[in-house]
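Consider the two complexes below, in which subunit A is the common component and subunit B and subunit C are the respective partners.
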Partner chain A sequence: MSYKQTNFLGLAFSLPFLIIFAAFVVYPLLYSALVVSSGDYLSRVMSDPLFWRSLTNTLIYVALAVNIKMFLALVLSGLLTFTQFRIVKVMSYLYLLPWAVPIIAGVLSYRWMLQKEWGIVNKFLSDIGLQPVNWLGSYEGAMAALVSFHVWKWTPLWTLTFYAARQGIDPSLYEAAKIDGASMLKEFLYITWPQLKYLYIFNTMLSTIWVIGEFDIPYLLTRGDPGETTHLLSTLGFRYAFVLLRIREGLSLYLLVIPVLLIFIILLLRLFGGRR
Partner chain B sequence: MKRATIIGVVVAVVVIAALLSIVLVQPRILGIGAAPQPTKLVIWWNKGYYAEEDLALMEAAQEFGKMKGVFVEVSFFTTEDIPKKLIAALEARSPPDVAYAHFEDWMLSPRWAWDGLLEDVSDIINENKQRYISEALQTAYLYNNKEGKYSYYKVPIQMQTIHIHYWKDLVAEAGFDPSPEKIPKTWNEFWNFWFTVQDKLRAKDPEKYKNVYAIGWTLGTGSTDAFYNFETIYHYYATKPIVTPDGKLNVDDPAVREALIKTFEFIVNLHKRGYNPEGALTWADPDNNAAFHARTIVMVPNPTISIPAAQYFGAVGSRENYYTKMATVDWPKGPDGRDPPRLIAVKSLLIFKDSKNKELAKEFIRYFISKDVLNKYTKASAGRWAPVFKDILNEDKFYFEGFKAGAKAFGVEEDPHIPVAYNQFRTGRLQPFYYVYHPAYSQVYAERTWIVYLNKVILENYPIDKAVDEAIARVKQIFAAWK
Partner chain C sequence: MMLRRTLFVVLVHLACLMLIVWIIFPIYWMITVSLKTSKEVFNPDYLVTNPSLESYVIVLTQGYFRVMYFWRQLLNSVYVAALTVLFTLLVSIPAGYALSRLRFRGQTAVSTLTLGTYIFPYAFLSIPYFILMTMLNMLNTHISVIIAQTIFVSPYAIWLIWEYSRNIPIEIDESALIDGAGRVTIFFRMFLPLSLPAIAAVGAYAFLFSWNQYLYPFMLLSSETDLTLPVAMGFFLVSDEAPWNIFMATATIYSVPPIIFYYLFKRYLIAGLAAAAVKR
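Take a look at the complex of A and B:
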């Protein structure tokens, strides 16, 4: 096959994707940029005190949710390798359940569990002699609820990626380390971590990109309450567009996030390319 | 030709064919080469609470379609979804021919009328003016800033106001006579009564009743109940309106500020004294209903009578609850002894400037608001909504008796909810929301300005007078931006 023929074939196969990509990614982005550049929407958004609060909340949410989740996933993926114990096998199946639960069912159940007066979490706290907490009715409690739900929901997915990567590590390395008398910590520091660290960084960056734009969990769990204190940029943009009927402000808010995402995407591609 | 090239050509042809099929079969998608299409009326409708409501609309649509020889396409959307669909459709300039959305009145139609996006429906209104309850009709008279004129931009079909429901058996358990006529009718006595019920229940059996509260007062900023409750209380305390009927923002009047402070104090005290669940700070509209059905609140103020209706239809609870364990009572007289204000939220049909079949849409609306057709639809909501037409509200005995026929089976003579609820529309002064006087106020509802600051007072112990002043400043900003 000639170079020209190969190109033609490649183009033909890529055409459906290119059309869809152009229609649903490039066009909306360009249209949004055009619309937003026709007014001072961005400055209006940035003059809203709620924007700065939402930006802070987003940073807190992303930093805590992504890092706690990745750390737990790394640790738990190690536990899953102890397959000689039957309990580990059983737990590994159960452990995947949160990932399988639809978000809406999970969030609504979580809302009820955290309910101040009748929720099971506060009932448990009362049973052990602690004061009930108004989880969703206070800023700190609601932010903690957001982070904890995200961690509960998404840790299994990332655990699987680490678990799969651990399977690729040559077992003879661990055997050699054992013969040399290395402790489990040293095995982790000198064998496991060097083999997983790029995946860890990759996962962290990829997750950051996803979580910056996460909408469903914050919208369903707190909707910005109590008192509009827990908005993230994603829910604030929605509020502008579909509650306040200020679509252009909503668009400009989302566009504002794109350069940040692009930086992460470029870093990710460089890292990925470097390891290929 | 090599095999790979052949495959490539086939793929390309398939893709091109797919595109062509879209262009030819669905010309309206791309707006080119459009062949004449049979007339189709597109209706977007807020899904009802009960299947009967949707069926009644479908029947009306089918009947209209037969009469006119047109295809009527009805799409149902949930209360939360339909505003988003309409906003997106308006942005894309492809709105439906007729739309009905429960939340349009507070936050959407005043803005759309202002921006010139709604079709003038004065002709339909003028034909039916005598039938309308005047305060309900007032809500359709909106300002079009593009054309610089007031006109009728929507066709009201039904309305709601806040009703008060309570569990009779819980009141009896607290040692009081639970019959509606024994519930106090004066301001302080009324509220103290519910507080005392909670106190007595908890004193009687602390373990059983530790999580049962006197009142379920929604405070979540995502709800509409919160501002409905807020403004109802404001109207009790107010001697002057926040916006005057001629559209002037009146917040600089000390009497308005004073009434706002009293409203804040009333709600904050109710909540902070522990007579309202703390979780109510995050309640959305259905949450007070759920808390009441779960019997964790003794009394609940709620727009529409969806709570007893849910019991009647067995969605939750039972018909026995409806007739024997629950009751609906009117609001008490105000702190100054005045009769209670009836804050009405009026729901209307809309036609958009960009609707494709405006004349057909008007014909459908004329047909739909005819006495029998609309009454059938309204009654299908089991009394959840009230008719805005006098000839329906005052003539059909359902709005006087409700489900009286089923009462005897439960050992009672009357329907304890519907007659009381509808009587609220016939007595006292009906008061539309402030967006009627100035559309900028629709943004105050959208932002939940008063509720956000109310939350601030509760959450951060923020001083009430400062919160009120800051909220007033925000409302002024909003009005200043609507030029």
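Take a look at the complex of A and C:
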């Protein structure tokens, strides 16, 4: 009975979403494509050395941020399973905080922590006898700050997914391994990893797509500084459009990225859609 | 064996300790600096010796030009978040119901579209959306921000409701149908009340999403009295003056609601994610 076709109602109930999607996403995208195709904006973007620099930065940022974060999340979710220790209990209450704190608040704190002269990080470095670092005033320092902020902010979310997946592993597998005297490394390699690897790959792909489009963290933390060297594609497009007021170049840069993202998204849904 | 066990315990504690310091420090530092007076800000000590509420008083009484519209902007954030929650619920509950309980032509297309939109990084839609809002003469309106946020929140919201309602036995619908109830009646009388936990999760998620948004309100709003607080806080960073104690007090105040929300709704937010993780 529940498989009776309800064509009309089904569409009617989905309609609010479909309408706003068509009106505010599809329509502006088509219109933008039309605008961009009427000029040589794309070739102007491609001939800007800053575009290639931003592309490189985006690749570096995505590669470092996603992989460091995902590995850390896997480790952290493992630590969280040792609940017989009180410190783990404490950590399990605290570790989601960066996720709950708004990005702008976290960035404000980070900016002041990393300040060259009065920042606490450089004070700590000199206290333990190291050279202070010009964090936000140098290319390497600023990129490191971006990656580290991203990892700080987003590790909790992915840890949560690994933690949830670990709860789904049959505990009798570990009990059997204990009886057989398996080491913790062996337990991980032969029990945990086989059950988590699809999630790990899925998370890495999903996060890659999201980080390619990340705007708030790079824009607020470095805004391309020092000297426009740390732009990512998202912040460069925004700069074209709203700082240099060349909105069509910004538009064509964004439209250039969208097909690449769509390929990733289709690949992701193809690979993992069937697993649902 | 005993030695290895001790070594293991020590290592776990060391790793946890380092992680806790790393996780907490930026938040600790935000609060610490907010408790300093303007004179002490440039003195980086790990601990605050005589905490002062001076900067909170300045923020709450709007006594500095960067926080001149603090209450107004905080209210804007609340207003935009509340309407984003409302719109998201209106859009996502029916769609979630349709995907989980009805069979219709185009269902697969709708579900793929939902998932695809959820995955798509919405920053790349910002300039097209800006152009559309310019054409519609809707720049500098809160509704432009609310619509954009509703679109980006809805896919995950739909998915949460869809996912949750798998746990509601289909037999309930079937027996109601046999008793002569229509689908619409079932939706209002049975589906809605039974999905309340999922609806609460969606509301919390939409609120947090809106509360944290920066790009869209920054791009779409320009009048100082219209800004949401994150956008106003973004302007702290281009300030020549640097009363960081005041900035940190603002940041701390703005972080309180999401932290409370998170602890209140943790169970629901985790349940949604857990379902997502275990499914794969």
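One rule holds in what follows: the second predicted complex is superposed on the first by the 270 of 276 C-alpha atoms of A that agree within 3 Å, B and C clash if a C-alpha of one lies under 4 Å from a C-alpha of the other, contacts with A are read in each partner's own complex, and residues count from 1 in each chain.
One rule holds for everything that comes next: a contact is a pair of C-beta atoms (placed from the backbone, for glycine too) under 8 Å apart; a residue touches a chain by one contact, two chains touch by 3 or more.
On a predicted model such as this, the values are computed, not experimentally measured, just so you know.
With both structures placed on the common chain, the touch criterion links A:109 to subunit C but leaves subunit B unconnected. By the document's definition of touching, both partners, subunit B and subunit C, reach A:16. Within the superposed three-chain model, A:209 lies in touch with subunit C and out of touch with subunit B [touch as defined at top].
Of the two partners subunit B and subunit C, it is C that touches the larger number of subunit A residues. In the superposition on chain A, A:137 makes contact with subunit B only, not with subunit C. Look at A:98: by the touch rule set out above, it reaches subunit C but stays clear of subunit B. Residue contacts after overlaying the shared chain place A:177 against neither subunit B nor subunit C. Touch criterion not met for A:191: it reaches neither subunit B nor subunit C. By the touch criterion stated above, A:271 is placed in contact with neither subunit B nor subunit C.
In the superposition on chain A, A:244 contacts subunit B only, with no contact to subunit C. Shared contact residues of subunit A, touching subunit B in one structure and subunit C in the other: 1, 5-6, 8-9, 11-13, 16, 118, 223, 241-242, 247. Residues 2, 4-5, 7-9, 11-12, 15, 19, 83-84, 87, 91, 107-108, 111, 211, 213, 220-222, 277-279, 281-282, 284, 294, 296, 443, 446-448, 451-452, 455-456, 458-459 of subunit B are the ones touching subunit A in the complex.
Residues of subunit A that touch subunit C in their complex: 1-14, 16-18, 20-21, 24-25, 27-29, 31-32, 35, 75-76, 79, 82, 85, 87-88, 90-91, 94-113, 118-120, 123, 152, 157, 160-162, 164-165, 167-168, 184, 198-199, 202, 206, 209-210, 212-216, 219-220, 223, 234, 237-238, 241-242, 247, 250-251, 254, 257-258, 261, 265-266, 268-269, 272-273, 275-276.
By the touch rule above, subunit A contacts subunit B in their complex via residues 1, 5-6, 8-9, 11-13, 15-16, 19, 115-118, 134, 136-139, 142, 222-229, 241-245, 247. Only residues 8-9, 12-13, 15-17, 19-20, 22-27, 29-30, 33, 41-44, 46, 90-92, 94-95, 97-99, 101-107, 110, 112-117, 119-132, 147-148, 150-151, 154, 158, 170, 173-174, 177-178, 183-184, 187, 208, 211-212, 214-215, 219, 230, 233-234, 236-237, 244, 247-248, 251-252, 254-255, 258-259, 261-262, 266, 270, 273-274, 276-280 of subunit C touch subunit A when the two sit together in their complex.
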